[in-house]
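What follows is chain A paired twice: with chain B in the first complex and chain C in the second.
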Partner chain A sequence: MSKEESIVKIRDLRLSYYTRRGVYHALNGVDLDIMRGEVLGVAGESGCGKSTLGLTIMGLLPRNAAIENGEVMVDGFDVVRPLREYFRRSKGKFKPTKNDDVLKKLHKAMMNIRGVKVSMVFQEPMTTLNPVMPVGYQIAEVLLQHNVSLLAKRRLARAKATREDMKAILGYLRGNDMASMMDYIKSRRLEGIEDQVMAYWRRRDLHDLVKEIRILSLCCDAVNPMLRPGLSYAARTNRLPSAPVLRQLVRHELVKEGYRKAAEYLGLLGMPEPEKVVKMYPHELSGGMRQRVVIATAMINNPELVILDEPTSALDVTIQAQILDLLKDLKQETKAAYMFISHDLSLLYQVSDRIAIMYAGKVVEVGPKDSVFKEPKHPYTQMLLEAVPTLEPHELKGIRGEVPDLRNPPKGCMFHPRCPFAMPICREKEPPTVDVGSGHKVACWLYAGGGEKK
Partner chain B sequence: MYYIPTLIGLTVMVFAILHAGGPYKLIAPYINPRLSGPARQEQIQMLIQKFHLNQPIYVQYFYWLWALLHGNLGYTTTPIFSGPATEALAIFFPNTAVLAIFAGVLMWIIGIPLGTWSAVRKDKPDDVAIRVFSYTLYGMPIYLLAVVLIIIFAVYLKLLPISGVVNPELTVGLSWYVNGISYPTHVLIIDAIIHGDWKLALNAFEHLILPAFTLALAAMAGVINILRASMIEVLDQDYVRFARSKGLPEGVVTKKHARPTAMFPVYTNFAYTVAGMLSGVVVVESVFDYPGIGYWLTQSMLGNDMGGIMAGTLIFGLIFVTTSLALDILFAIKDPRIRLG
Partner chain C sequence: MIIAGRHLKEYFPVKGVRGAYVRAVDDVSIDVHEGEIVGLVGESGSGKSTLGRLLVRLLDPTAGDVLFNIPDSELREYDDALERNDKQMVKKISSKYSILRLKGSRLKMFRREVGIVFQDPYSSLDPRMSIADIIAEPMIETGLYKRAEALERAEELLEEVQLPRDFAYRYPHELSGGQRQRVAIARGIATNPKFVVLDEPTSALDVSVQAEILVLLRELREKHNMAMLFITHNISVVSYMADRIYVMYAGKLLEYGPKTQVIRSPRHPYTQALISAVPEVGREMRRVVLKGDVPNLVMPPAGCRFHPRCPVAVAECGWDSGEVSEAINRLIEARYAELSGKLSVKPKGPLALEVRGISAQQLKQIVDAESESTKALKAIYSIKDAGDHVEVSLAAPREPRLVPVGPGHAAACILLEGKEGK
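Let's look at the complex of A and B:
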């Protein structure tokens, strides 16, 4: 199952927010796939359900969100099933408090998916980090929750490695002979050291000499003999030992190791002086640095999908460019898929492989970025692209009318009140999604033969 | 450094009110009732001279302040104690401290989990129950609460003693417990443990439970309400959602990520909680006949006992001001955003 092509498969997802002022139909039949290793850009006006879609994949919905229909398969796990079943059971008497109970159970069920397979970067780096925790701990926490064995192995390897080992490893690195280096590490049973060696070796901000000194100094860091059995238990089972005092001591040791790993990772993301930064609190960092910390937290466990919910909107343009460069680098280095949510079309064109255009809680057009941008099919996409300012002078056209009130959305196609090509059938039936070639799909009667039938 | 002016303002105010009734009320407890005629007048004049009551009030205040700076708080004459006020403080303060600390610990270990639970389970039946409980406590005067607890636990269930510090039968013939005052620390529980009398210590502890619970419950309502409100706000913050998105267990999310920031309003309010507990102590100690500062202060006020009232006011003011200072330090420890340098 895990060899399937898509990491996320969303089918006919319908979601409503139950508020005091009425029921907002936020998602109205979303069909979307995110393939492994691709960057999917999701664009649309404010309030069209982009962020809701991201939160649904993470299962981080607020308590008043009702899943009325559909499924969201994340690597074979149906995220919305309990919520959907609760909504069916409630038979029109939806209660946010009961939904909250279902959500709590969902949190528990998703503990091993979030932060491991799927993680999310939120819009505001200012508020995403906990103000009273050092940022290093906030990164280390993810490892401590899901990847204890990596931390324990790293610590044990550093205790076991001798200066000769490190010299040998450095020799392989200088000769760029990674395969022999891995063989050497395996034969000396130093698993976990390669993680640290590579982190220094790939740093760009350090001088080669500094790198080599740091790599050489990765040895002979003795572990307290009382902790050794606890650490090897953690390395073997990926769990902290259960004996009460030992657990705390081992945890403490691994938190320190987590800070180390966090600093290494931040260094790879181009953070200057990461060893100092990990001990700082969020208010001591700039917006760009905080967003790097958030990205590091999301990426440190090598997830298969990262949802980026407008990661650069709150940053100024130069920092935005840096973060985008960083994401492009990460995309090349990891095999993760990205879902990039933004309302900045030019930005999406830069980063994504495929683009999905959303309107009023529905994906109206999805396809490879070139075909969507060069030959937009849906009238909404066409008008949206005409509204983007470019360097060459061209007449900017707004889209007339306004976004429909999602409490009582228009019947048929959501876009028909604003659409210049609206036909009678558009007012009556929802358009089906049709493939217009090479994976380019449109939900519009113009292409579904709606005109001919009537 | 606004602490000293606060204390001066407080004592000036109480001093002025105390002297508003004229000199005769203040010296009344010291007049020998058997004297009459010119001898009586002579004694009155002598007392007025001795306490400087014929001087302007601000001069009197400076006399008091001067004596205070020399460690002299004046004399106190109440039915439960007569002698130097400093000695009275040494006897009564430890008892109040034990009561208040016990009550504070109870308030903390019951109030904080309840507030957290109430916020996490917002709008569900258990949250509604906790809110009804806390608002009932909030609206109840402390003497009523004390009487309700006495009626339930002492009169009907007969689990705990009604009032006092110890069953008098147990203290007959003890060398270190004389006239209701125990030695050396003046706190009966601690003294009993020092002298190895475990039965007595247990009995004294039973006598401590009801007053401490009364005080704790009265102060707890504020903690629950404030923590619930700020916790609900914090649980909606982005960083709590981000913590969930890391796949952390719900308990870690609420206790480690949400609660530390949600506690700040509780800490801010803690000075008021302490102030409430101090005024609560006065009532609770009177209701339960518990020999602490509050009981002594009530007796002083009933008898127009100048030394007792001034000393009690000063010590209460001092506690309040120290708490505020401690809170400032606590904030600097807990909140990295306000740490300097």
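Let's look at the complex of A and C:
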């Protein structure tokens, strides 16, 4: 099989943070797959490793993180290999300061993955965005980093296209004949124009006539002849030219193009007056609009996986509803997979296809949404669900005790000190993960212990 | 009635701008009966925390009154007097029960009767005080006990919030979030208050811990018959905790009533949207997605403050010429490109517009066709040709009043007023 079904494959991942106050075992043997095009919800209390897991997939680990074992394959590329090898070499004398070179290597290797194949949306839209730059620039930056050729192509195509070209393209669009449109664009060597055409064509808030006028006006946008060679170089190689002055000029032209693309994309995300918004600074936008901008930076390169780390926790319920609606639309339009991290189980029920429940750095239960919510197997999942308040009130039950101190995690099953069904074996041996049917897996002795009773 | 707020207003001055105020709470009345849990729901910036603080006099209101421990009969008399505008009577009752004129030892007595628990247990506990001192402080401050007695009672209180007694000699940094919030609750109830304000007490906690705290709070209420004002943005939590619910939006009270009434049959469009936006396990959502954001409270929208986002807004909801002209401009740009550039819209006073570059006939057609998608157009009341331009006049806005829609259930929406009239 050339293309695997899973975009992320995590096997027995063990990660520790080395701090002055001891070694925190943050992830203790995580096994998890994220399939292409699915939404995987990840739930658990705070401090159970949800965010660490997301950051590991992104390769965004701090220097004191040690990968003790396991692999994280993102589209066939092992993200944590350099860190794991460094940990093996250090033979138990892991020192955070010596990790720097390894991390540098990792970051270099991640350049082709982060922001292109995988990207991440963080919880606080205010801290994610740079307060001293217009939001349009921050979206454009992602393109300038990874997709210079697209920007250059768009610019050149607009310079080259004639009114006749645009009329022809409109004709194909009206006839809903995308294939012929692409053929026409290829034969006229106008690659890059389709991106702009489709951005207007797919807008829902615009009237058809307005769309057509905007599309028609995409032609005859002459480009400074001095920039032409630089732009074509960028379009061909996906790199900026190296000659210093030309490089600056081309970059400048492409930043402008980036703003244009950013505005088009924000328009697609349902932002009102996107052309104005791209010139604004984060503090001028409301929380919901900021989160839309963050989502745009994450999605603009069409990644195959988007990690959403509590994307709506800082927002009000009505704004949360707007963002969820947006994500639902995006899910239909793109083929991306989503990893949705949240502590809010009821929210995950609304968005996910599959759910993974984490506890103390382990996935204790994973399976299709309906099966996990209707028939939760792991006592932790059951208790977590009983703790969620609902509109129709029911008896609430908390979970006694606390998440264990991960410096000396309990032996055996990590949940046994809080578990009402704990058996002797739970205190001694870690439970294996067993399949209880149709991809629903659980790590608990209640389901694995049948033959091994003592 | 343990606490009754009447026509409370809290305007915070905007720094550097004379005459500009943030109208955090604008003419809100609220009642809390003895031993009752009242839920106060709203989005951030709706003024719910400010209202909570007004009721225990952590803030002094710009206008309005807060009456404490007032017999129901006298409260009724007070309300009647307010309606009749009988200033003497109002003054007489208010001097007896109002908390706003309390000073010195009488204020301390009042402080003994009320408590407050804040949202963030990480910043509301002094890191340099031991847990015993934290809990004892209100008892000593209000002169309820001497220090030695207070410390002893602090240990009892720890037991009451289900923490071990030896926590008394620890410091806040040694405790987890849930334990800290228990300490904050112990401090809030230390003086055996009759009324406690809980300002988002579980928002910073995990669900598992939240559940325990909520159960604890209900037990405390049963045991001490305390009245509570539970402030939160989480409707599911309120539906577990509260007996009655108040819904606030942009400084105004939009709806209040018994819990089951408000949650099962909300009457205000905002409450309906809010409840539909609550995600739940096992129920696919039928969301009413509201456009836009919470309004700016320095220049709040006229009429009903919810009208710019309201999915069922009508002509008199409070549209002004600025909003309507913006709506027309946006509409022209997005849907009627052939007119863009030719047409100009200018507000002329709060309720009139001057439109150039289009005939009255044409404009009428556009307005008729689009008024469902662009609610602001509903406010247009007449379109007249006036020589070289078209004059558009808008319907006058009406301020919604709270109309009763059931026993103890009221909502402030002009759509409901209409029904009442029929």
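Note that the second predicted complex is superposed on the first by the 448 of 454 C-alpha atoms of A that agree within 3 Å, B and C clash if a C-alpha of one lies under 4 Å from a C-alpha of the other, contacts with A are read in each partner's own complex, and residues count from 1 in each chain.
To be clear about the criterion, a residue touches a chain if its C-beta (ideal position, glycine included) is under 8 Å from a C-beta of that chain, and two chains touch if they have at least 3 such contacts.
Quick caveat: nothing in here was measured; it's all calculated off a predicted structure.
**Q** Aligned on chain A, chain B and chain C: do they clash or fit?
**A** In the superposition, chain B and chain C stay clear of each other.
**Q** So in the superposed three-chain picture, is A:128 touching just chain B, just chain C, both, or none of them (first/second/both/neither)?
**A** Only chain B; A:128 stays clear of chain C.
**Q** Using the superposition on chain A described above, determine whether A:308 touches chain B (first), chain C (second), both, or neither.
**A** neither
**Q** In the overlay of the two complexes, what angle sits at the CA centre of chain A between those of chain B and chain C, given in steps of 10 degrees?
**A** 80
**Q** Touch test for A:34: chain B only (first), chain C only (second), both, or neither?
**A** A:34: touches no partner chain.
**Q** Contacts for A:397 in the overlay, against chain B (first) and chain C (second): which applies, first, second, both or neither?
**A** In the superposition, A:397 contacts chain C only.
**Q** Return first, second, both or neither, reflecting whether A:283 touches chain B, chain C, both chains, or no partner chain.
**A** In the superposed model, A:283 contacts chain B only, not chain C.
**Q** Looking at the overlay, does A:346 come into contact with chain B only (first), chain C only (second), both, or neither?
**A** A:346: touches chain C, not chain B.
**Q** Check whether chain B or chain C contacts more residues of chain A in the superposed model.
**A** C
**Q** Could you tell me if A:73 is touching chain B, chain C, both of them or neither one (first, second, both, neither)?
**A** So A:73 meets neither chain B nor chain C here.
**Q** Between chain B and chain C, whom does A:104 touch in the aligned arrangement: first, second, both, or neither?
**A** first
**Q** A:443 contacts which: chain B (first), chain C (second), both, neither?
**A** After superposition on chain A, A:443 lies in contact with neither partner.
**Q** Please work out how little space separates the C-alpha atoms of chain B and chain C at their nearest point after superposition, in whole Å.
**A** 13
**Q** In the superposed view, which residues of chain A touch chain B and also chain C?
**A** none
**Q** Could you list, by residue number, the parts of chain A that touch chain B in their complex?
**A** Listed in rising order, the residues are 58, 60, 96-97, 100, 104, 107-108, 110-116, 119-120, 122, 124, 127-133, 141-142, 145-146, 281, 283, 294, 297-298.
**Q** Mind listing the chain B positions that touch chain A in their complex?
**A** Against chain A, chain B makes touches at 122-124, 237-239, 241-250, 252, 257, 260-261, 334-337.
**Q** What does chain A use to touch chain C in their complex?
**A** Contacts found on chain A: 45-46, 205-207, 209-210, 213, 272-273, 286-289, 316-322, 324-325, 343-347, 349-350, 373-374, 383-393, 396-400, 402.
**Q** Of all residues in chain C, which touch chain A in the complex?
**A** Against chain A, the touching part of chain C is residues 43-44, 176, 178, 206-215, 233-237, 239-240, 263, 273-282, 284-285, 287, 289-291, 293-294, 330, 333-338.
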